[in-house]
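One chain, chain A, links the two complexes that follow: it is found with chain B in the first and with chain C in the second.
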Partner chain A sequence: MLNKKNMLMTIVFALIALVLPLVINAPYQQHILILVLIWATIGTAWNLLSGYAGQVSFGHAAFFGVGAYSAGILTLHYSLSPWWGLILGPVMSMLIALPIGAIAFRLRGPYFALATLALGEIFRLVFLNMTEFTNGAKGILIMPSITSKIIYYYAGLGMLAVTLLVTYLIVHSKIGYYLVSIREDQDAATSLGIPTTLYKNLALLPSAFFTGLAGAFYMNYVAFIDPNIVFNLTNISIMVILVVMLGGVATTWGPTIGAALYIIMGELFRTTLGSANVLVFGVLVCLIIMFLPNGIAGELDIIKRIAQRKKAGLSGGV
Partner chain B sequence: MEDAWIKFGQTVICGILLGGMYSLIAIGMTLIMGVMKIINLAHGALVMVGMYVTYICSTNYGIDPYIGMFIAMPVLFLLGCLIQKYMINRLVEVDSILPENQVLLTVGIMLVLTEGIRLFFKSDYRSVVTSYSSNTVFLGDMSISVPLVIGFIIAMTFTFLLHMFLTKTDLGKSIRATSQDRDAAVFMGVNSSKITMITFGLGAALAAAGGSLLLPLFYLFPDVGHLFTAKSFIITILGGLGSTWGAAIGGLVIGLSESLGATYISMGYKDVVGLVMFILVLLFLPGGIRSLVKR
Partner chain C sequence: MKKYRKVLTVLLLVTFLALVTTGCGGDGSSDTTVKVGVILPLTGSEAMFGEMEKNSFEMAYEELKAAGKTTVGGKEIKLMYEDDQGKQDVARSATEKLVNQDKVAMLSGGYSSACTNVIAGSAQNANVPFLIVTGSSDDITKQGWNYVFRGTAAPASKYTGAFWDMMEKVVDPQSVAIIFENTDFGTSSSKGFRTECQKRGINIVFDQAYEHGAIDFKPMLANLRSTNPDMIFATSYVMDASMIVKQMKELDFNTKLFVGNGAGYTMPEFYQNAGAASDFVASTSLWVPNVTWPGAKDYFEKYKQKFGKEPDYHGAQAYATMYVIADALGRATDLTNAGIQKALKQADIQTIMGPIKFEDWDGFTNQNKPNTYVVQWSKGKLEVIWPEDVKSASYVYPVPKWSER
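The block that comes next holds the complex of A and B.
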């Protein structure tokens, strides 16, 4: 029953998303929608590793940046279309995820978080300093072959849809239940015979894959990257955490809601408040963590449940 | 050959002097980590706010940075107490999916502090000019900048005073008791919530002190805090969690390795040295320097 309702909601959302760029045809608004799609993809990918499996990563900028640089370097050194980066980027991100996982999964909780933070920063510094290969702080500028925003919108929508679908399938399979059990109590999970490191890696690899995909897409869309943009600790690694916290950790739609709020609010406040837009976002995040610790989508379930309980109580009374 | 030795000596001394000031910041973080068991990712932002307080004192009222720090410290003590009491402490009772939500809140606080400062001071690079900031003292043939020496001496004095405070006074002993075993401390009549608040304030005040000492050496801008957050958590892990002396030595090690890295590897990779060391320590020496001493 609930599943059918969810399905219906998903179809309605999908239809709205498909029609939206036809209704809103100003390039600026379409640009905002595309940014929402990119952020929702990163958020959903982060959510798989950190929300469901509980391994809070502070280093997702490494995957985003490697994805973006894969696309950029293909064009810079091999004169290939950066669209090939959409294949190479995610694969490279998965490749670097293997050693990152091997190092960081030896650690738990806050130490895992700090190790990923350090690894992400190492990637930024290395890409900044390998000037011959990456152009260093000058960054990589490409000439985009497609300029129509609508095409980017639908490509981004497809990317988000695949990410959401794969995440949904993983979470609702045996792997998903194992991941949640690792988050809730790793020792208990181990004692029940779950190979925790293997399953953490099974969460990390798709997470890295889709973050890298978002990075490669970003390179194609924005057409300029430098290490301080795509490997940025605050604006990527930490922002994705806050975006997902805002929307709802360990929920299907939480990251998308968070991304939409983050980008749209940012743009609204940018015009009215100037540089204070990030400040307002920060205050909002603090309030959300303090009063709605599981984010908007996470608490929505609780609110719904309370409403349903009330309804059940009423009908029982009658 | 002679020149190479001078270069080496100068690198080592500058590294140690700089490391002493990093230590002071990291000790603040380690105190907070000891008592609250969380990594305070807003620590660098507190350093940054402290630097701005000293900066205002210096440019608007002509107060020397080394005196201005005694204004910045109480201000940050108060700010730290308020943040702990009204924000982080509230989360103890809140139930959430991710156990790290106190850490995530400190990230939110970091963002608010950084952007709040940016609102008032813009992203401009600022610096404090004092009559002695470009002076140097000579040690043999090695020249060493005066602010480094003064900063190091003050930082070491503070570390010593803090050590006396933690070992000799009732309040200090209560802080150590709370960090060793909160429940046992509560049974012995320690008001743990008050102690936690004071510790956070103290950590923030030490951050301000370290920041003020570094003010004559660094450019000041709202994002400078990230640099200090990264350095102080590296030092804290390196020194062993919650260990004051471990953090002091860890600070010297990081200062030294950065200075050597900058001279002998390259300026761009000097931060990589610290981060790689950090990961190696996390993996192979999880107790930090403290565990080596105890062994």
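The block that comes next holds the complex of A and C.
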């Protein structure tokens, strides 16, 4: 639970995040920050299922895409503001998570990962081919009613804050301990009487919910989606894994740190290195993952422990 | 706990460092240049086209510079390239950077329809003129966006103007088959084709999308053959295009005419990959080197000599766009966004892609009426076969069977 000092730091952190767009009053930099917030949210959501519960998902694009399409289809077919998607999107993502869980949770480890990968691709193909309903490959283009970056920033910040808070509460409750036990040894957990499928679903549902929320927010912000973008295997499903690995798997702040690093570094390289940018970025990400296998947040914990020469606590440092 | 503080410090340091660095980069906005942002896919799967377009921009720029046309109102035109990696959120970032940080006078570029959509939306929001090079989804110029201009690119559903003329006068097919890659371009253009077929009462016997980048087309082609169409209309990029015609040859599948819808079917790589199977394949096209517009042939030869590769219509689009930009900036009474928007709207310029004017028609805004052609491969050469007044060779129809070649 939050102790006083912990709480204080969180408040300071929140305050800095609140004034950041006022200090950096330039739309381009604010745009980058908004992208960071979107990715931090997806990362945090993925982290709950795959980091804490150990069910590595390669199919989070399905939830992201369904969230985004919920917002887009509201505008396309029902002429409603895509902002309603922020309510509908996460709910729809949760609904599709139920059958996905029912199918994929029968499998473990790499088989689970492969199943989610396939499910993500299935969604892409379905949305690509249901042209009457989704506009197919032509995608959905909206003209956003709000153009001020500040509003998107604060909305995104709120989204991330809620995601972090809910994840934190889940992880530090009984459910959280059950999830970690499932990750560490599912058979042992079952033998102790933990209903593993139920608890895996309890990790999957909020994870899908917040990924869908980020998807709906993305539709509102970027204002154009097509199935190849929002259900993309490499640009969404794999990217979220990289973001979290970079920041630190199964840590509270890891996904946020990872998103900030990933987005800002990627953009820096893109604007400065010309055509070699993707290559250099890729090599750097490989190096970080090789030498800091627990991510920035994970390794900081170890560094701190070594510095204090104390007995190591539970690994994973939540 | 201390962990928090450390994490926090690192995060903030990185953020500020990054923002400060990127912030400094673009602040050298001097009064001696007019900046034009060009967003192209310079890396990723579309890099081949982005590269060709960038080269063509540069070539046109050098020519204009030699003619003294890159200095407008005492200021030098400066092209600022940004890589969109073929991803639309990167395209959005690039637009934000060019508009807000580099403070460009106008934008150009836009290769894939997805990226072009996003750039156009952001440009319209910021009231910065955006002149599209390639992105051809119909919707982009159907939004009523007055700051978005499309000159060298036709809306995807209008690639087929000259083609329909030829259909009426020569081919008159009773049944057609449509195959297309499942992308924005593929869907838009086959939709246009389908509507036109229905209007003309042509029977569509087969209509199927395939996954872009597929390898085995034989199951689809086998189904297609059983419907025995007079003509096949296909929209594909280059690798798929060559695979399809090669596999048709392997299956000994004959039709009276195979028509590609630009894109892959007109590229030099199509012939290189498909070899003899490319013979007699026809295609719609927006541009061919031996078209009669002044400068077209020169551009083709010069590009080939300079870069050792043959350009196709994508390069010509970029080359012509640079001329349109220089013309508009030269005529603009003031070099503000609104001033340039006005100058673009009044443009009436002859380019290697034909005359370019931005008009409002058929629900389109600021859309040039495209000139289209029908071309046909003949032993590795692309010949213009329609319209007849600009043709470089006569059409071959119906095409000989595979066994009789």
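The rule is simple: the second predicted complex is superposed on the first by the 301 of 318 C-alpha atoms of A that agree within 3 Å, B and C clash if a C-alpha of one lies under 4 Å from a C-alpha of the other, contacts with A are read in each partner's own complex, and residues count from 1 in each chain.
The rule is short, and it goes like this: contacts are C-beta pairs under 8 Å (C-beta built on N, C-alpha and C of every residue); 3 or more make two chains touch, one makes a residue touch a chain.
Bear in mind the structure is a predicted one, so any value in this text is a computation, not a measurement.
Following the overlay on chain A, a clash is recorded for the pair chain B and chain C.
In the overlay built on the shared chain, the residue A:A118 is in contact with chain B alone; chain C does not reach it.
Legend: residue contacts after superposition of the two complexes on their common chain; A:V278 is shown touching both chain B and chain C. Applying the stated contact rule after C-alpha superposition, one finds that A:M219 touches neither chain B nor chain C. Judged by the touch definition given at the top, the superposed model places A:L141 against chain C, while chain B stays out of reach. In the superposition on chain A, A:L204 makes contact with neither chain B nor chain C.
Judged by the touch definition given at the top, the superposed model places A:I238 against chain B, while chain C stays out of reach. Looking at the shared chain after the overlay, A:K5 reaches chain C, while chain B stays out of its contact range. Legend: residue contacts after superposition of the two complexes on their common chain; A:V249 is shown touching chain B, with no touch to chain C.
Within chain A, the residues touched by chain B in the first complex and by chain C in the second are 125, 128-129, 275, 278.
Residues of chain A that touch chain B in their complex: 50-51, 54, 56, 103, 106-107, 109-111, 113-115, 117-119, 121-122, 125-126, 128-129, 183, 233-234, 238, 241-242, 245, 249-250, 275-276, 278-279, 281-283, 285-286, 289-290, 293-294, 298. Within the complex, the chain A residues that touch chain C are 5-6, 9-10, 12-13, 16, 20, 24, 26-29, 31-33, 35, 125, 128-129, 131, 136-139, 141, 143-144, 147, 222-224, 226, 228-229, 235, 253, 256-257, 260-261, 264-265, 267-268, 270-272, 274-275, 277-278, 296-297, 300-301, 304, 317.
Chain B contributes residues 38-39, 87, 90-91, 94-101, 103-105, 107-109, 111-112, 114-116, 118-119, 122, 223, 226, 230, 233-234, 237, 266, 268-269, 271-272, 275-276, 278-279, 282-283, 286 to its touches with chain A in the complex. Those residues of chain C that touch chain A in the complex are listed here as 1-8, 10-12, 14-15, 18-19, 21-23, 25, 42-44, 47, 82-83, 85, 87-90, 92-94, 96-97, 99-101, 113-114, 117-118, 121, 124-125, 137, 139, 143, 182-184, 186-188, 209, 211.
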